[in-house]
Structures are given as structure tokens and as C-alpha cells.
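Take a look at the structures listed below.
Presented sequentially are two complexes of chain A, the first with chain B as partner and the second with chain C.
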Partner chain A sequence: MPFNRKPQKFNAAIKTVEIGTGDKKVTLGGENVFPFYAFDGEIANGPKVGVEISDLGLENEVPGVKAYYEGAASIGEVAKKAAEMEGADFVCLRLEGGDPNGANKSVEELVAAAKEVADAIDAPLVVEGCKNVEKDSELLAKVAEALQGKNVLLLSAREENYKAVGAAAGLAYDQKVGAESAVDINLAKQLNVVTTQLGVKPESIVMNVGSASVGYGYEYVVSTLDRIKAAALSQDDKMLQMPIITPVASETWGVKEAMAEEEDAPEWGSREERGISMEIQTAAASLAAGSDAVILKHPQSVATISKMIQALV
Partner chain B sequence: MAKFVTIGERIHCISPVIREAFATRNPEPILKRAKEQLDAGATYLDVNIGPAENDGEDLMKWAVKLLQENFDNVPLALDTANRKAIEAGISVYNRSKGKPIVNSADAGGRIENIDLAAANDAIVIALCSAEGIAADNDERMVHCQTMLERGMEHGMDPADLWFDPLFLVVKGMQDKQMEVLEAIKMFSDMGLNSTGGLSNNSNGMPKAIRPIMDSALVAMAMMQGLTSAIVNPCDLRLMETIKSCDVFKGNTLYADSYLEL
Partner chain C sequence: MALTGIQIFKMTPKKNCKECGCPTCMAFSMKVAQGAMDISACPYMSEDALAELSEATAPPMKTIKIGTGDSEYSLGGETVLYRHEKTFVSKTRYAVALCSCMDDAAIDAKLAEVAKVDYERIGERMHAELLYVNYDEASGADRYVEVVKKAAATGKVLVLGCSDADVAAKALAECKDGKPVLNGANASNYEAMNKVATEAGVVLGVSGANIDELYDTVAALEKLGNKNLVIDTTEDTIKETFATTVQARRAALKDTDRTFGYPSIVNLVKVAKGDKYMQQALVSLFTMKYGSIVVLEELGYAEALPLFGLRQNLFTDPQKPMKVEPGIYPLNGADENSVCVTTVDFALTYFLVSGELERSGVPVNLVINDAGGLSVLTSWAAGKFSGNSISAFFKENVEDKVKTRKVIIPGKVAVLKGDIESKLPGWEVIVAPLEAVQLVKFLKDMQENGQL
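For the complex of A and B:
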């Protein structure tokens, strides 16, 4: 009997969300096939790769990252280099210095940094808060206001502060809202429901459904991504059809495989190579499970993942 | 598994308001009832124009266009004994939101409605009866087989025949209820879709009782594998039960606001 190819077609698609403006803007989502199932149908917009930079500078980075940004004195110059990185589609500024338990920078200072970055690049910008719910409520709202017209994505609105972040980013200043849940598929859906009930358009929401480094409970991340894509496409669940962004670097560079110095674990080899390996593996797995964008840090990871996407889409 | 399909039954010419609206081509009462049902969560709307022997074709075309133009091509079940009217309705039907449903065929005098559905790439509700109610499930399943074969002979996808076991009224036929539920399980085991006029079970009961009986029956029937029902979607208790059963069956993903979706 001859082989009879039966493409798996869905009468549903992931919504498209645009970030940025002008020639460099990117479109996330739009696909109506499973991740990289290009044999079932054309993939409207391939997954995108973002480059993470931090308001805390480069002090704690591995030599390869430091070398890439050599000569960049200000956050604006760092951002410029990040935007020019081979394979980069957008830049993600992490305002981790806002953490009250850390550097505890003022909102004004952080907004100024965000403004400097936004003015320095014409690539699309994602701004991530400091993960402190109260601080982010104020910080992300102020960033949304300061960057009006830039069409940035703000990470993230969570269960505890979706009203403040969602209202500022999605309603008042017409930016894009990241809805973040921690590897909890029911909460991921619920957050989209309540954010849209707030009045935010579904086309303005990107989900961050949580992440982990490979080897650190990562199976839950994969099964969450898998189930969301399945419900979005096969059950036409409109409240799960928002594209997904996964911050990878912030997870993988903090685990012991990427942290342990060579003198402490000589049998593991080069620390930097281990870190890159963790970053690439986690990003590749997240994309294969359904993420529409990943955020990475090391130039080698960005180039590798970008090549992988081009080869598969 | 796909979500349970509710077919809203409230555009029915047995209602004096609707009959009058059909006769005078007055859109308002029809649009009002359509909106109520869609807001309440109906997927399909049934359009029952009665026997419509005189102007059925014109009337069905008018009703299909009216509803689809006003409600984003809402999918419809075309419900009349007038076959020409069903064909006329399909001729103006937009299928972007779902195929039209022919309501209905049986294994007796109305078996040709299966041919009609096949010729028009429509879904057909296949009543498992011929002349009168089936005496038992042996007879129901014979009718089911007859109609399934008829559809397949005409090139239909078996998924487009929605088998109706014929829900029976509790007051008078209480002893037959489990048999109806077993028939649904048999359809389901064969991989077939099913539907039916579920509220028939509570005919003649006090108004306050009916939603309770209907909800209990829909839960039991969904457990047996029922994939659709013709219901009053404005019955909140019933719709809440269906949405909850969809969660248990994995047909929809749970979120705290699931009843609002």
C-alpha cells in the first residue's frame, strides 16, 4: 500500500502579537501546527530569540559574555551590542537591580535605564522587572508610561499584580503584557481570562508559563508547554492561544552546572562551556515543546539557537 | 476529546412569538432569542420552521441569512420536515464556523435526509427509530447500523452522523431510562457521535424540577459518551453541569473562571 500522508490540520491558530516598531519589529505566534511541524503546514512566524542584558552590568558574567560587550561603557551601549548580536531578534532588559532584597535601586533610576536602552536601539524591546510583586507593580507601570509608542513587552503580570501591570501596560499605555505563571497550566489559563476581563486585548498578551533549567524539574515545563499547545490548537481554547515567551538565561546561568568554578569541579571541564551547553539545551527543548520565543545571554547560544530555528522552520 | 456541543432549541415555531416572527419576517424576536442562547453558551442554534409547506424554501433562506449575518456565521441546525427548505437553507449557508446540521433523519420514512446531508456535505441527526419508538436496544442498534451504512454508501464521514437514541419521558417511561443511556454507550464504543432532545425526559414535570432532572441526565449521558444535545442553553444549571462535565472529561482545560467562558 502506498504511503498516504495525512497532515494534522487544526481549525485554530496561535494569536499573533507584535513587539517593537518599524522594520525591526517582530511577530510572535500565528502558527497552526505543533512546534516545528513544518511538514503539517507552513509555520507563519518562526520562534524568536532575545538577548538578555541587565541593569546590574557585566561584572558577574562569564569571560565570553564580557568579551563580547568589551568597550561598552553604558547600558545604552551594551544594548546596542546586544541588538547587533548574530541571531538576535530582540533585546530583553532585566531590571533586577530593583529587588528590595538586593541593590534596591529606585524606580526613577530603573526607568531612566529602560529609557536609555529604548533610545539606543531600534530592535524590539522586552523589559523584565525585578520579580518583587510590589516593586514590579509600580516599576513596570512607570516603564510602560516612559516607553509609550515603543510597543514593548513587559514581563510580567502575575496573579498578585495583574491588575496594576495589565491596566498600565495593556490599557493605559498600549504596550504588550506578559502574563506569568509558575508551571501551572490552570493558572496560566486563568490569568489570561482575568487579564482579558480587565479589558486587555488577547492580541496584546504573551504568556510566560514558567521555566526551569534542564535537570531541575524541567519535565514539568515541557508537559505544561505541551498541554497548552494541545489545548490551544486541538480544542480551540481561545484563552490559551497567546504566544509563549520563555526566559532561559535567567534560569540556566544560576544552576550549579553553570556556576561551579573549574577548580572546584575539575572533572566537569570549562565552566563557560557548561553554561552555554545548559542554555542551549534548555532553549532547544523549550522551543520544541511550544515556546514562541526564548531569552538567552551568551552570544554562542544565541547564534546556535537561531541557526536551529532557521534550519527547522 | 472535543467540547460537548450544545444546540440551542429556542428558535422553534411551536412558540407563538417565533411563529408570528417567521410568518411576518420580523427579525427582532428571532435575533433576541438567538442572542440570549449564544450569550448563554450555545454552540449551534436550531432553526425550527415547522412543516412550512408553502414558503419553506424562502423562509429558511431568510432565517439562515438573518442569523449568520447578525452572529458571525453562527453554525445552524436546519429543522423542518420540508426537505426542499433544508436544501434551500444550505444553499445560502456559510460554513466557516461549522457544517450545517440536517435535523433530522430516521431509519423509516425520513431516511432520505441522510442522502440529502451526504449530497450537501452536512451533518445529520440520525434518530434511531423507524415507525415509532424502538422497543429495545436491539432494535435501536439495527436502526443505527442501517443509517450508518446508508451514510457511508453515500460517501459520508461516520463522524457526520450524530445518532439520537431518542430521550424518553420519565413520567410514563421511567423503566426505559437506563436503556437509553446504554444505547449512548454503544454509539460511543463504536466511535460515533450522538445527540438528542435531552429535555424530553422532564416533560410534564413542575418547572422548578426540570433543570434538576435535565442536569442529572446530561451528566450521566456525558459519562456514557454523549457528544452533543439539543437543549435550552438559558438553563443555567444545565449549562454549568455541561461545562463541569467537560472539565472532568478533559474536553476543556480547567481555570477558576471556567463557568464564565
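For the complex of A and C:
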């Protein structure tokens, strides 16, 4: 008896969400098979890779990242190089400097940085706030206003501030809303429900269902992604069919394995190589479990993950 | 697939002789169907009936054992495709690739590099458990046997990548006691390879030019009576390899197609030779999706640290939250005078908190309470992380071991401050910020202000 193929076909699909404008715009989602299951059916768009840059500059980056951006004097020039990186589909600007417990930059200053970046590139743009819910409510709303017409994705609207962020990004200024929840399928769904109840179109929502580095409770990320994709496709759960974006770099470059200096952990070898591997392996695992986009930082990781995606879809 | 009592009853001799301890054959059949009795309790079942029953009750995927002694590993035996459904039981094992085309210096260097990575992470030994020794025809059989001997001397379990039956037999003569895998059967040589593997008593790896050929070859080997197999799901391209690996596992577990009910080998050297970054991406992908053995060229610390972390996470039992041992964990060179920071024994919390504490560089004693493996808020709500439990834990396990009388508690349970202070006389209770990431600044500030 020959092998009997039993493809998993679904009468449901992940919604498509477009980011950016013009030739370079990207479409997230659209697939109606499990991640990379091209043998079950054609994969509509394939996952996308974003390059993270920060308003705080390059000072704390590893040598390979610094070298890549050498000569870029302004955030606009950094953004331009990010957009040109091999394998890059979009740029993600993190406005970390807004953190009231950190640099505490003013909203005006950060909006100006976002504007400079948006004007410098024609690649799609994702703008991430500083993670402080109050500050982000104001900051992301102002960014949404300032970048009207650019069709940017704003990260993130959370349980505490989805009204402010969702209304500004999704309703007033017609941008895309990133809905961020904490590694739990029910929380992810709930946030989508209330965000759509605000009037935000489901087609304008991208989920960030939480992330972690591999080794750091990553099983919760895997199971959350697995379960969301299963509910979206096999149960046709409309409130879980938004594509998923996963920030990877901001998790992986902050863990011990990627942070420890070589003199503190001599047997571990090059810090940069550890960081790249952490980033690549976490990104590959996230994509395998169902992320439609990952945000990375190191040029080697961006090129490798992009190449892996091309090889699989 | 489980059989019903009626189906089993049809196979009994219907003698009602009571030798099985049941009043009737029907009663016996019901008990077997429920799993309360084993079919062997009836001495009168026919051979055919027994074979049919054991086939019907066999697990969908075989557990295959390789190696010996402390280096014995189980592969396969999975029952689910997703970890949240139940649990994954047999960890992915990693094999570093050697080739008889390499000269001695290159092989020694590789073996030295492999030996370097051997460490513990939450109670689990992390190292490359296997070596894959690939046969290069051009350098000949004798050279291959030499390299196999060298590899076997490391004590690691070998996977012999060799599809020449005569050469394989020579190599096995040197290493078969270590219970290696002979990976080399295919559509054209499977009879000869089967003979070599069964004579040596080792697991046979099967490959195919495509998924259909692989399937047919496995079926042919089963027909020859060999069910001690692993399937090499590596194809020509990354895409095809992923397709075959996933489809084989899915067929076995979801569609109970037992022909594919064997562990897999994915050889990244074939699909991403020389590209170590792509191999890093793929080793993660195939750890997530159904590689039982993954072969790669390099497994230094850079590759190992994320990979073993991923594997440890994936193969935990989702019903049992990962817990760390309660107790005192001195960080950054802390001694008995260093401040205590306390939290719960939920592994994720422990990792987040200890990571941030290490980042701060401030010497602290991290005190892990017994909170049932739950997160801070959950255990607090369940009464497992309370003023009572924390003070009792400190009195029993901490007070006589440290001289400091300062303890920092999680910001999320700030309400416990007064309660702990009243139950732990002499201690100063300090409330930490809400999020673990804020600990670095918090501790550094305290250190600068001389509060520690």
C-alpha cells in the first residue's frame, strides 16, 4: 500500500493585514495551512522579517551591528540602512527612550524621530512604544497622527491602554493596531474582541501574543501560538485569525546567554555569536509555531531567517 | 486503536472455562477492553488472535532505544503532535557530524570541540549525545573503520551514515556493543542492510528518495520482520525535508499509520552544508517539528545555549509547571551579609528574576519559596505565597544561614509587607518594583545610596 497523504485543509484562513504603501508594502497573514505546511496547500504570503532600530542609537549594540550601520549619523540614515538590509521586509522603530524610568524623552522628540524615520524610507514601518502604558497611550496616538498616510503598524495596544491606542491608530488615523497580550490564548482573544468593539476593523489588527527567548519559559509561547493557530484554522475562530507579529530581538539580546561578556564567561566564546544564535533559534521556533512576522536586529539573523523562510514557502 | 469488548470476545475460544478468573469469556473480554486485565490471562487464545490484538493495542509510534548504560536514549514513543495536548516524551537528540573524508587533525579538533560543551541546566545534563560518522567512499573502508573506532572511544552513541553493507559490517564489528544506529538502508540495499543490522543487533536507519519510496522501504523492512528502525526523513531540499518529517509524524500520530510510527533522523549537513547559521535556524525548526535525531556540523556553546534551553522548555510536562528547588541561590558572589530577594518557585519567574538580578551585578541571595510552582499572583491568590508561608520559610530555611535581615519582596505582593514584618521580627521588608526588568535599576540605586 502506498503512502496515503492526508492534508489538513481548512475552510478558514488567517486574515491579511497590509503594512506600508506603494511597491514595498507587505502583507501579513493570509495562510490557510499550519506554519510552513506547504505540502498541505500553498502558503499565501509567507512570514516577514523586520529589522529593529532604536531611538537610543547604537551605543549598546554588538560590533557586527555597529559595523553594519557605520557612517549613519542620524536615525533617518540608520533607518535607511535597516531597510536595505539583506532579507529585510520592514523596519521596526522602538521608541525605548520614552520610558519614564529610563531616558524619559518627550513625546515631541520621539514623534520627530518617528517622522524622520518614516520620511527616510519607503519600506513599511512598525513603531513600537516604550512599554510604559501611560506614556504609550499618548506617544503612539501622536505617532499615529504624525504618520498619517504611511499605513504603519503601532505596537502595542494592551489591555490597559487599548482604548487610547486602538482609537487613535485604528479609527482616527487609519493605521494598523498591534494588540499585545501576555502569552495566553484567552487574553489574546479578549483583547481582539474589545478592540473590535471599539470599532477597529479586524483587518487592521495584528497580534503580539507575547514572546520570550528560548530557554526562558518558551514552552508557553509555543503552546499559545500552537493553540491560536489551531483555533483560527480548525475552529474558524474569527477573533483569533489576526496575523501574529513577534518581537524577537528585544527578548533575546537581553538574556544572560547574549549579554555575558567574554571575560565573565570565557568558555562560552564570542558574545556576538551567542547573541546571533539566540536570535536565530528563537525566531525559527516562533515561525515554526505560527508567527507571521518576526522582528530581529543582527544582519546575520535577518539574512538567515529570511533565507529559511524562502526555502520553506 | 482500542478494540471493543465484543470485538475481543469474537477472538476468544468461547469455552467459558473460567481459567482466566472470569465467569465467562464475555466478562473477560470486557475487562481486557477496559484495560483491567491482560489478554495473556487466557491460555487458549490463538496465535493469530494475539497478533491482531497486540497490533491493535500497540502505541502509534514505537519507542526505539539506542546506546547503552548511562548513554542509553529512548527515541520516539510520542502520542501527540502538540505539547499542550499531553506531553512530548522523548527529547530530540543531537549528533555532531564527522566524515571519513576528514583527516585525523580535523577529527581530533572536532571531537575536542564537542567535548567542551557539557554543562548542567536546571538539573539536566546538556551535551551532544551522539556522533554521526559519515562514510566517504573515496577514502575507503579501512579509513572509515578507523574513524568509527576513534568516535566510539569517546563513549558517545554513534550513528553510522553508511549505505554499503560490507563496510557497515566491518564498522559494526568495532562498535556494535555501544548500540549505535546504522543509518543507510534504502530502496536498493535494504535486504543486505537489514541483515547486517539485525546480525549486529542495532537499530537500522531507512531513507528514501522521496516520501513514497521511504514509506515503501519501511514497509518492506517490516515485512522482513525488522521493526527496530528509525526513518531518515532528510530529502534533497529543506522544504522537502520539512515536508517528509512532518508528514511522517502526522501520519503516525493523527492518522495511526504505523508504517511511519518510527523516530526520525534529520541530517542538516545534507541540506545546509557549511552554512552554520542556517543550521542553527533549522536545528531549532526540527526540534520544534518532529526531529528525533538532528545531525549538525557544529555544536559549540553559541549553538548549544539556545538549543538546549529550547529543548528543555519543549519537553517539559505541560500538566506539571516547571519548578525550581526552593532554597537560597547566592548570585553575583553573594555571601551571608548580602540582601535577600524572595520570590516563588515557578521556573519562568525564577528565570526572569535571576536573569535581571544577575544583570544588576549586585550581590543578592535569591530565596525561592515553595509556592507550588505557581506564578507570584496565582500563588498569592491560592494562599501559597502569603505572609505566613514566607515567614515560615524564612524561619526554617533562611534565618540561620544568612546574617542579613533585609528582604526584598515582589512588587505584585506589596500588600504582604506589613504581614511579613509582624511575623518575621527583626527583618526589614522592602518592596520591589512591579516588573522584573526594573530590578536592575532598583538594586543599583539601592547600592549607590548605601541601602544594602
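A few notes on this one:
By definition in this document, the second predicted complex is superposed on the first by the 313 of 313 C-alpha atoms of A that agree within 3 Å, B and C clash if a C-alpha of one lies under 4 Å from a C-alpha of the other, contacts with A are read in each partner's own complex, and residues count from 1 in each chain.
In the analysis below, a contact is a pair of C-beta atoms (placed from the backbone, for glycine too) under 8 Å apart; a residue touches a chain by one contact, two chains touch by 3 or more.
This one's a predicted model, so the numbers in the text were calculated from it and none came from an experiment.
Looking at the shared chain after the overlay, A:F39 reaches chain C, while chain B stays out of its contact range.
Of the two partner chains placed around the shared chain by superposition, neither chain B nor chain C is touched by A:N161. Here chain B and chain C are compared by how many residues of chain A each touches, and C touches more. Once chain A of one complex is fitted onto chain A of the other, the partner contacts of A:Y218 are limited to chain C, with no touch recorded for chain B. Of the two partner chains placed around the shared chain by superposition, chain C is the only one that A:M308 touches, whereas chain B remains out of contact.
In the superposed model, A:E257 lies in contact with chain C only, and not with chain B. Of the two partner chains, chain B is the only one touched by A:D237; chain C is not.
Contacts of A:N151 after superposition: neither chain B nor chain C is touched. Of the two partner chains, chain B and chain C are each touched by A:R227. In the superposition on chain A, A:V193 makes contact with chain B only, while chain C stays out of contact range. Shared contact residues of chain A with chain B and chain C: 227. Considering their complex, residues 2-3, 251-257, 260-261 of chain B touch chain A.
Interface residues of chain C facing chain A in the complex, by the touch rule stated above, are 82-84, 116, 121, 211-212, 215-216, 219, 237-239, 242-243, 246-247, 250-251, 254-255, 257, 259-260, 277-278, 280-285, 287-289, 300-303, 305-310, 312-314, 316, 318, 322, 347-348, 351-352, 355, 358-359, 438, 441. Note for the complex: chain A touches chain C at residues 1-6, 8, 36-39, 101, 212-220, 222-223, 226-227, 230, 252, 254-257, 259, 267-270, 273-274, 276-278, 280-285, 287-289, 300-301, 303-305, 307-308, 311-312.
Chain A makes touch with chain B in their complex at residues 185-187, 189-190, 193-194, 197, 227, 231, 235, 237, 239-240.
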